[in-house]
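There are two complexes below, and they share chain A, which is joined by chain B in the first and by chain C in the second.
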Partner chain A sequence: MDMLIAKDLAVSAALGGRTVPVIQELNFSLPQGKILGLVGESGAGKSMIGRTIAQLLPSGFSVSGGELMFDGQDLVRMPVETRRELLGRDIAFVPQEPLSGLNPVLTIGQQIDEHLARLNVGSRRERRERALAMLNAVHLPHGAELLGKYPHQLSGGMCQRVLIAMAFASKPKLLVADEPTTALDVTIQARIVQLIAEMQQNEGTSVIFITHDLRLAAQICDQIMVLYAGRPVEYGPARDIFARPSHPYTRCLQLANPSMSGARRGLYALPERMPGLSALSGINGCLFAPRCPNVAEACTQRKPSLVETSADHVAACIRTETTAQIAAPALAEVGAPDAGTPLLKVEGLTKTFRSDTGFFRHSLFTAVQGVSFTLHQNEFIGIVGESGSGKSTVARMLCGLERPSTGSLVIDGVDVTDGSKAAQAHQRAHVQMVFQDPQSALNPRRKVASIVTQAMEAVGEGTWAERVARAETLLSEIGLPPDAATRFPTQLSGGQKQRVNIARALCVAPNILVADEIVSGLDVSVQAQLLNLLLRLRRERHFSMLLISHDLSVVRYLCDRVLVMYRGEVVESGPTAEVFAAPQHPYTRTLLAAVPPDDPSAVWTPQPTEGEKAARTAMEANA
Partner chain B sequence: MMQFLPPWMRSGRVITGLVIVAIIAICALFAPQIAPQDPNEQDLVATLLPPVWVSGGDAAHILGTDSLGRDILSRLIYGARVAMLVAFFASLGAMLLGSVLAYIAGYFGGRIDSIISRAVDVWMSFPPVVLSLILMVGLGVGLRNVILAIIVVDWTRFCRVLRSEVMVVARRDYVAAARLVGFSHWRTITREIVPATLPLLITLVSLEMGIAVIVEAILSFVGMSVSAQTPAWGQMIADTRQFIYDNPWNLLFPILAVFFAVFGFNMLGDGLRRTLDVRVTATQRV
Partner chain C sequence: MLATIVPLIGRRLAISIFILLIVSMLLFLVLHVLPVDPAAMSMPPTATLAEIEAKRVEMGLDKPLPQQYLIWLSQVVHGDFGTSIHFRRGVLGLVRDTLPATIELAVLAMIIASVLGIIGGLVLFHVRGTHKEPVMDFGSILLLSIPEFLWSLFFILIFGVALQALPFTGRLDPDMRMPTGTGFLLFDALASGRLDIFWSALEHMILPCFALGIAFSPTIMRVLRSSLIDVYQEDYIHLARLRGLSERRILVRHALKNAILPTLSLMGVQFGFLFGGTLLVEVIFSYPGLGNLMVDAVRNADLPIIQAVGLAYCLVVLIINTVVDSLYLVLNPKLRLR
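After this line comes the complex of A and B, so read on.
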């Protein structure tokens, strides 16, 4: 029996007086107890489908045709009261941001109680017992204690567990999970996904799983629908799609993601971006044609319809037979790190923060403890670890934004630990940082030319014309058109902003770049563009980089060596290939196990709870 | 700043405020040309005249005369001079003192921040009117001392509000980035932080102007402001207060003058806050 069926569903938006289609020709049927993965980059319309189910479309957006049958009833046309009865009871939701999904002024217990009361669960005592059982089911220990806590006292992963427990409390027939793990750490991500799968199996719930990660979807979903610009481009059994993608977009997405096993391969970086809503009507034929590597004359003539390529597997492409020919480019040759004296020598780096807890009291918190490593010219080192592991603090100390409490920092033979004026100048000339959030890292009141040549302004060098000229050279080097120089950051896309961010760091021609999570929050194809850009720059400029990332596949793709940090300490370090192939420390193993494997038929066994426990015990044993 | 021009000029509040403030400013600047009479000329034959539209009014004194037979309209127009001078210089001075300390405290943080913040706390624990009265007693009357007293009392208002805004901006990555490419502290504050806090600063100044008008009116009401020869709105209220039953009009006009001046500045400030503050405009657009 099919739980949710979409028939020619279409959503349109009123944009500046015109009506533009947002979602078109959406057809799927989700059988009971199965998981459908909606995969695509931002702007593909995947969240809009989730919102259509909840009937929470943004103002100006409306369903313009087709039907959405839930358990025999049309969700689009049913009366509001009926739908209100269904939502939260038969249809449950798990949001993207766990913290904003919970009310900050009510305790967890009050919120669960309120939800259960709505579901007509008997007396207060019964509800409390039920709440404890629910928390137990999502593997949250100390339930009784937890019920009295407020959301901000819990971690993001715990909040998400509470929300999952609440979503499953009503034994829903359908669960909509919209990127439920994007805001969480890798290790927690794996646990949450496993938890949803486990609950789904126990209850026989149908799930719509919205994600941008094709590998994750292939691992846990039964069916996958790949969306591009609001249209389904490929739909079929999950493993089949991953093993034999028929649509070029699916293939490109797959190749844009760095692999976690086997030989390292190049990344396929799709050019440009997905067309925006207003640009869609200007494209005649296949919407993907402008970016498609296999584009032919016929592709621009008419819109392709979904054709069956194998059993239950359809793709909207007229040249599906050529898809398999798309291959990853060869891995860029960057050369080995230079031998000899290291460029950067870090020894026993420790940072202790002091926070005032009262009028005369304070507490000390050690964010980084005894970190030592060396970095050679033309070498990329990755630092991995979950949030709070101290990796960003290390980055800030290397740049001079934070002064180490103890330890020493030697850059190109000069000790800069003391933070004197001369040391700072030396540090600035050699180390530059690329910040995590391009939004906050670019002054919205400055033009791009002014941002990337800020280093010239600092020394009072150059006229405005000279600065624009320098900016244009830098922009061409990082792959932006020269006319971007006179624009403001708000007029750029996320990927373009991050390029400007890199260009500013390159202005003083540093030998060391410190990059803090520079591709997190970007789409896979944009991420691939940036990673390839970094490799090209390395080849051209022969510089070194310290890459901080929670994404192990990115580190595997870019870095020669890797440092694994856990609670402020480096627990394992070595050549990337070696560490990833044979991790020694239990925490490294936990991290690696948390990443879904490349091969969807391989068994994914994140054993986080045990793994983390083991890591913790080992840490205590070492201490 | 160019990109801010269109939205704030389109705001009805800003235009209303600007028109009111402009009228008062013109009165102040061109008082000798506009005023029909000498504000200090006494006409003891025609005292306590009502306005011209009330029976017994005289066309020579459109808004009537006070107990010494001085022309109310002329005194109101001249009184705008004191009000505008105080509004302009006192708010500017309070802004300079308060914002410099706020930039230092918010940007550097730590010990210097706690010293400045504690000073503000202590300062704000004095009742403002009492503090300004004490200051006026100490300093003596005079326009310059009124301005000084308002600055000394009201700089804390700027310091406290601006400091928290500076702290938010100073934590943005682009400020760290500016330091990384070698910007000095001075350059970082003037080029990166001041532009980001300018909308708030402009708003605070316009609100402070309204407050300065009130404080000046209070001080001149109790005779602690300008000398008796200079017409001031607060003084006019004080002068006519004994004749409230004989001629209530005389009391009404200076009160209305104070009211409109403060209303104008507040409209201007509120309109600017709504159009310049990114947070408010962002939520309205959603």
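After this line comes the complex of A and C, so read on.
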């Protein structure tokens, strides 16, 4: 029996007096107990489908045609009250941001209790017992204690477990999980995905799994639908789609993701961006045609319809036979790291933070413990580990934002450990940092030209005209048009902002770039563009980089060597290929096991991590 | 929870003493720059210059200013605020008689401002995006632009003079006697079982309290409205909807609890202003509180009273701020120690 059926579903938005289609020709049927993955980049309409199921669309958006049948009832046309009765009972949701999904001023217990009260679970006592059983089912220990905690006292993974427990409390028939792991650490991601799959199997729930990660979808879903600009472009059995993508977009997405096994290959970087809502109506033929590597004359004539390419597998392309020919470009040649004296020499770096716990009491917390490594000219080193492992503290010390407690830091032959004025000037001239979130790293009140040349302003160098000229040079180097110099950050896309962020760091032509999670939160095609940009810059400028990332495939693609950090210490280090192929430390093995394998038919067995155990121990200590 | 509030109050107390010292210094300095001679004023008009000079020495006015300040300060610390030049009574007694009246007025006005502010904020939030929004918006800005003394005059004209519905001078009907006790009239009347006095006192407070309350409610309305709009953007509100909670429950249990936090810190600041605003309102309604005492003292250049009342205003505002901050700690779990 099919639990959810979409028939010619269309959603449109009123935009500046015009009605523009947001989602069109959406057809799928999700059988009971199966998982359907909705895959695509941001703006593809994945989340909009989730919101359409709940009929909680943003203002101005409405269903303009078709039907959405849930368990035999039309969700679109049923009265509001009837639908509200279904929500939280028969249809449950797991959100993208677990920390903001829980109300900060109510305890976990109060929030679970409210939900159970709505589900008509008898007395307060019964509800409490039920809540404890629920927390147990999602493998959260110390339930009684947890019920009295507020969301900010829990980690993101724990919050997501609480939300999953609440979602499954009513034994729903349908679960909508909207990027439930995107905001979490890689090891926690794996556990959360497994938990959803486990609960889904126990309860026989049908699941809509929204994700941008094709590899992850192929691993856990039964069916996959790939969306592009609000239209399904490919739909079929998950493994079939991953093994034989028929639509060029699916193929490009696959090739834009760095691989985790086999030889390293280049990344296919889709040019430009997905057309926005207002641009859609200007395209006559296939919406993907402007970015498609296999585009032909006929593609721009009329919109392609879904055609069957193999059993139950459809794609909206008139040239599906050419899709398999799309190949990843050759790996860019960047040359080996320079031998000789290292550019950066870090020895026994330790950082201890002091936090005041009372009037005369304080506690010490060691964030980084005895880290030593060297970085040569033209070498990229990756640091991997979960949040709290001390990665970012190392980065901040290298840039002079934190003073090391002990240890030494030698940059280009000069010891900068003491943090004196001269040392800081030397450090700033040689090391520049690219911050994680371009949204908050770029001052919204400054124009791009002023942002990228901040380093000149700091030393009082150059006139405004000279600064604009330098900005334009830098912008062209990172692949932005010169007129971007006069724009404000809000006028740029996420990927463009991150380019500006990189350009700012390059302004003083540093020898070392420290990049903290610079591609997390970006779409795969944008990520591929940025990673290729970094390799090109390395070839042109011959600089070194320390890349901090939780994404092991990015590190595998970019970095010559890797340091694995765990609880402030480097537990394993070596050439990336060697460490990833034959990890020695159990923690490295845990990290690697958490990544979904390239081959969807391989068995994926992420283990519970040390980090999770640590989080639980930390919570006990707090209690 | 107590473990976090006690240190806060301790810290606040230390800061408050420091602030009071600075305010007392400023008061002392400013008042001594005024071209008045307290010694001459405290003597009968027939006194000779020599007699005034003797009085000046007796009052310590011939000593250097810092020394005069230290003498005054040490007296104040011992509870001696001096004697009123005009009333020929101990200043402490005068303040003790009038402060409760003003506190009563301010607290009731603050309650009215909060209730009106919260209701208004909810209404403004409710009509957002509808055709009623511009009208309501205009109304709230109109409210914002009318100061409390103008409200006082409107109310006296409408409810006092035209309708003759409510009294508008003093604290009580002229034929009633103040019950003895704390000085908080509403409390004292109830404690002595005199409902008629309670009722009369309440009647006398309605107009001044509403004048103050209405004048201070629009800022609360507007802040509550905008923080509600912010809170409704949050994921947990969206998720509460997806869990099928009713809109009413989402508003009361999820949104309001969060939106009240910024509103509360604003209310703390507002209360300080409102307490200062009682001065004009008391004068207009001939309400025998701290404000009227202050105005009389200024008119008579009664320096000891001005100093004492100034310090009393400062102290009340400091106490209120500490209370609001403690309340904030109670309502916002993120600020509590983990």
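Worth pointing out:
Rule of thumb we're sticking to: the second predicted complex is superposed on the first by the 608 of 623 C-alpha atoms of A that agree within 3 Å, B and C clash if a C-alpha of one lies under 4 Å from a C-alpha of the other, contacts with A are read in each partner's own complex, and residues count from 1 in each chain.
As a working rule, a contact is a pair of C-beta atoms (placed from the backbone, for glycine too) under 8 Å apart; a residue touches a chain by one contact, two chains touch by 3 or more.
Just so it is clear, the model here is predicted, and its values are computed rather than measured.
Clashing of chain B with chain C is the outcome of superposition onto chain A. Contacts of A:221 after superposition: neither chain B nor chain C is touched. Once the two complexes are overlaid on the shared chain, A:93 sits against chain C while remaining clear of chain B.
In the superposition on chain A, A:210 contacts neither chain B nor chain C. Of the two partner chains, chain B is the only one touched by A:459; chain C is not.
Between chain B and chain C, C contacts the larger number of chain A residues. Of the two partner chains placed by superposition, only chain C is touched by A:118; chain B is not. In the superposed pair of complexes, A:105 makes contact with chain C only, with no contact to chain B.
Within the superposed arrangement, the part of chain B that overlaps chain C, taken from 26-34, 134-142, 152-160 or 188-196, is 134-142. Shared contact residues on chain A (touching chain B in one structure, chain C in the other): none found. Contacts from chain A toward chain C in the complex involve residues 54, 56, 59, 84-89, 92-93, 95-97, 100-107, 114-115, 118, 150, 152-153, 163, 166, 357-359, 622. Interface of chain B with chain A (complex): residues 172-174, 176-184, 187, 191-192, 195-196. Touching chain B in their complex are the following residues of chain A: 399-401, 425, 428, 432-433, 435-437, 440-443, 445, 451, 454-455, 457-459, 504, 507-508. Of all residues in chain C, only 7, 129, 234-236, 238-246, 253-254, 257-258, 261, 331-334, 337-338 touch chain A in the complex they form.
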